[in-house]
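Take a look at these structures.
You will see two complexes here that share chain A, one where it goes with chain B and one where it goes with chain C.
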Partner chain A sequence: MQDQERKMKAAAKRLFDDQKVDVVVGFRKGSLPNSSRPYFARSAADAEHLVWNGFCTANLAAFLPKLFEKPARPKDGYKPPRIAVIAKGCDGRSVSGLIKENQVPRSNLIVIGVPCHGMVTSNKGAKAKKEEVARACQECVSPTVKDADITIDGEGRKPAKTAYARVKAFAGKSSEERWKAFVKEISKCIRCNACREACPNCYCKTCFADQRKPSWVSPANELSETIVFHMGRMFHQAGRCVECDACVNACPMGIDLRLFTQKLAQDALDLFGSTPGIAGDEVPMLNTFAQDDSQCFITDPEEK
Partner chain B sequence: MVSVALDKKNLKKFVGAMLKQGKALGPVATENGTVLGELTAKSDIVLDYGNFKLPPKREFFPQCEVITRFDGTKVSEEPVRGQASVIFGVRPCDAQALAYLDKVFSDETYTDPYYQTRRDGALVISLACSEPGEACFCTATGGGPGATTGADIAAFSQSASVLLEAVSKKGESFLKKNTGLFREPTKKELQNKKTQGSEYAKRLSRVDVSGAPKALEKRNDSRFWDEIAETCLSCGACTFLCPTCHCFDLYEEKRGSASARIRLHDACTFPSFTREASGHNPRAGKGDRMRQRVMHKFSYAPENFGTVFCVGCGRCVVHCPSNIDIRETIAKVNS
Partner chain C sequence: MTKSTEIREPTVVAFLCNWCSYAGADLAGVSRLQYPANVRVIRVPCSGRVDPLYIIKALQEGADGVLVSGCHPGDCHYISGNLVARRKFAMLKSFMEYLGIEPERVQFSWVSASEGGRFASLIEKVVKDVRGLTTSKKIAREERTAANVW
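Let's look at the complex of A and B:
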């Protein structure tokens, strides 16, 4: 990994030296023991601070739509910035989705793919917990970006084969049991919106949960409202969620959102043969239709 | 002030004594770690936790509370419901934060009835710390592992006993009422209390907050704040977990023919914070909002209340998804 870090830094520096980018979005050392945090390098000197280790959990694609957002009053001759992003497999899948959804101009983006070994479960200040590879990484089907502009050599983690064992086991339970488990998890929520803000797919200028005319969801952290918020957010992930666990890692309350968003990902795969972000030229599931598309999610949602 | 010792074998009885006061909260083990939960006669209170993830301010200033109802014809005030009578195990930093919130909500000119009713009704028993968290820096903000400000009774857990020391009159009368549970503390116990946490205090990170109010006066450059807030996601994890953050929003909600006015925690990190009805937002950028957050705690609060509104609990450092560290921010402000 140290070798990868050295090569990644060199690649970033070269981009600055060749004046090809304005910003490199990567990671730098965090302020807590065993942590890394998102970092925007803006010069070759800044690039010295970039790190690559087992704590680079955040999905950096989440920063891209805002970095590319055109200012409200752009100066004359405004040009969108040229941005490079250090990408694990999941960041790469998100970038691919953002490009397809026209949130990121491909021509201004350089993807530096780094083969991912899997990141360590974020410990959020918990003491000396055994370090283990995060569930999202254990279940990752594409730890390495396929269509990166620059690929740092080295072996990544072996792609996982079956990712949905836990979801399938959960889906096998009765609807009462599932609802109980869902409510139990969601009742931990304090509505801080960290899940939403950390998610690369949640780039709406105004989230439905923040709209007040009409108010689809109350901002009050009452259980029923919180459930509506999470359901709404999750449904917006159907066919789009890349299962990176950015939401899970950002959540201060430790809510197991993965179990639920993964069900949507599993449905996307089983019913429509779609794994978002994997095949570079695949049309996003919800942007297309075929006559033989599955309709069981409407006609027979309980079908196993 | 009264000082007594409670043998740990009598903890259950002590819980019983707290329950006699009414609703009692204390540190209980759950699958989500140790939380400040409602106690029952069967509860085993935990004494060796770090700190609760959620700040105890929520017991006095709930995240969401209905303050007025309108049934279609008349408006009625909503009484305070479900307040605690005893809260045991508040860490010294969080107890100090309550003393700060008192300055805001129990101001000489205006007293917040919802906060004050809960505060008056509850006995706060703090519990001295024995092990620092990764991001703790209470000694830098005027506190310490054995500080007692904001509490009615200060508790110090020792090997076989818990030393309880009355801090307020309310605390003293509770201890006197339950003398049967306690014994005289030994000289050794009193000596241990004095040194408790002193070793660990040396290991806490140091930040110079004393110069921050002055240094902040000169930090008017928006680029400075934009840089600090660069990786901020604009979520509310830092503010919602902060024991001193107290900004709130009022929200009116209509369900059927009935309406309610609700008070909700607000977060200066949210893009909607201070957004005006016209859509204009004087703090449109996250750098503007970061400045507000830091200025409020380290400049406006010292100006208005004579103290920085940070108790060094480290929650915002640990739980920020981008690990934006207030200790580093203050160091940058000072530099």
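Let's look at the complex of A and C:
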């Protein structure tokens, strides 16, 4: 990992020296021990601060739509910034999703792919555990970035096979048990919106949860509102979620959002054969259709 | 305020597409077909217009069931609105079921403008399904009573 960090710094410096980028999005040492935080290096001197270790859990793709956002009144001759991003496997998947959704111009982006060893679970929430490789990383199917512009060499984790064992176990419970478990998990929520802020897919300028006319989610401290927020936010990830667990890591209450978002990923794969950010589909899964899509869920009143 | 001993009539919110299902409902009415009066129709331009949030919100606001109906695949006024919707609904139905919402509560169907009879029997089926649910409503807000309104 030290070796990777050295090579990554060198690559970032070279980009600045060659004047190829304005910003490198990466990680620097966090203010607490055993932590790293996102960092925007804007010069070769800044690039010296970049780090690479087991605590680089955040999904850096989440910053890109904001960085590429065109100002309301652009100056004459405005050019979008040239940005390089340090990407793990999951960041890379998110980046390719954002490119597909026209949030990030590919021509102005340099992806520095770092083969990922798996990140350590964050010590937050009610259940602070010992350091171990995060569940998202244990179940990761693509620890290396496939279409990186610069690849830092080194061994990454071995890709896991998609199994969705927890999803299948949860689906095996009765409907009432599942609802109780879901509500129990969601009732921990304090509606801080950290899951939304950390998610690379949540780039809407006005989130449905913040909209007031019409008001989809009231700010009232009611369980029903929290459920609507989470159902809405999670379903917006349908066919887009790359299972990076940025939301899980961001959650101060330790809500197990993964159990639910994984279902969407499983359905995307089972129903439409789509693995967001990996399979070479040019259009996001829910923006398209096939003539022979499954109809088994349709109610037919004449059916006996 | 309803007492728990009273038998409450279920309410089903139906999102019907303007071009087929709404016309189908119209035909059922013009043909004087009988179907349960528990359905509340909301006309939408296309089944593709139905945002999953509408469905979640209808359940939150107290609907016992939600039905979304559009043109048969291939008949969409906007060529492919219902085909795109089909994918979205397949994901939504599966996801809601996974979270523990009974599959009978959220239903999807196709009804064309000439199928008044099909519309009537569809409503009958959906209302019967919803009536058959023994579990309480999900997502719905707590009913406002003197005790919890301040």
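The definition used in the following text is that the second predicted complex is superposed on the first by the 284 of 304 C-alpha atoms of A that agree within 3 Å, B and C clash if a C-alpha of one lies under 4 Å from a C-alpha of the other, contacts with A are read in each partner's own complex, and residues count from 1 in each chain.
Criterion: a contact is a pair of C-beta atoms (placed from the backbone, for glycine too) under 8 Å apart; a residue touches a chain by one contact, two chains touch by 3 or more.
Computed from a prediction, not measured in an experiment: that's the story for all the values here.
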item	value
First, second, both or neither for A:208, with chain B first and chain C second	second
Partner chain in contact with A:235 - chain B first, chain C second, else both or neither	second
Which of chain B and chain C A:222 touches, first, second, both or neither	both
Touched chain A residues, chain B compared with chain C	C
Which superposed partner A:45 touches (first chain B, second chain C, both, neither)	neither
Partner chain in contact with A:297 - chain B first, chain C second, else both or neither	second
Which of chain B and chain C A:272 touches, first, second, both or neither	second
Touching partner for A:10 - first (chain B), second (chain C), both, neither	neither
Which superposed partner A:175 touches (first chain B, second chain C, both, neither)	second
Overlap of the chain B and chain C footprints on chain A, listed as residue numbers	222
Chain A residues touching chain B - in the complex, by the definition given at the top	30-33, 35, 37-40, 58, 62-63, 124-125, 127, 188, 190-194, 196-198, 210, 215, 218-222, 249-250, 252-254
Residue numbers on chain C that touch chain A, as the complex places them	52-53, 56-57, 60, 67, 73, 80, 83-84, 86-103, 107-110, 118, 121-122, 124-126, 135, 138-142
Complex contact set, residues of chain A against chain C	167, 170-171, 175-182, 208, 216, 222, 224, 227-228, 231-232, 234-235, 238-239, 260, 263-264, 267-268, 271-272, 285-289, 291, 293-295, 297-302
Touch list for chain B against partner chain A, complex	32, 50, 53-54, 63-64, 133-135, 230-231, 233-237, 239-241, 249, 251, 253, 262, 264, 267, 270, 272, 314, 317-319, 321-325, 327-328
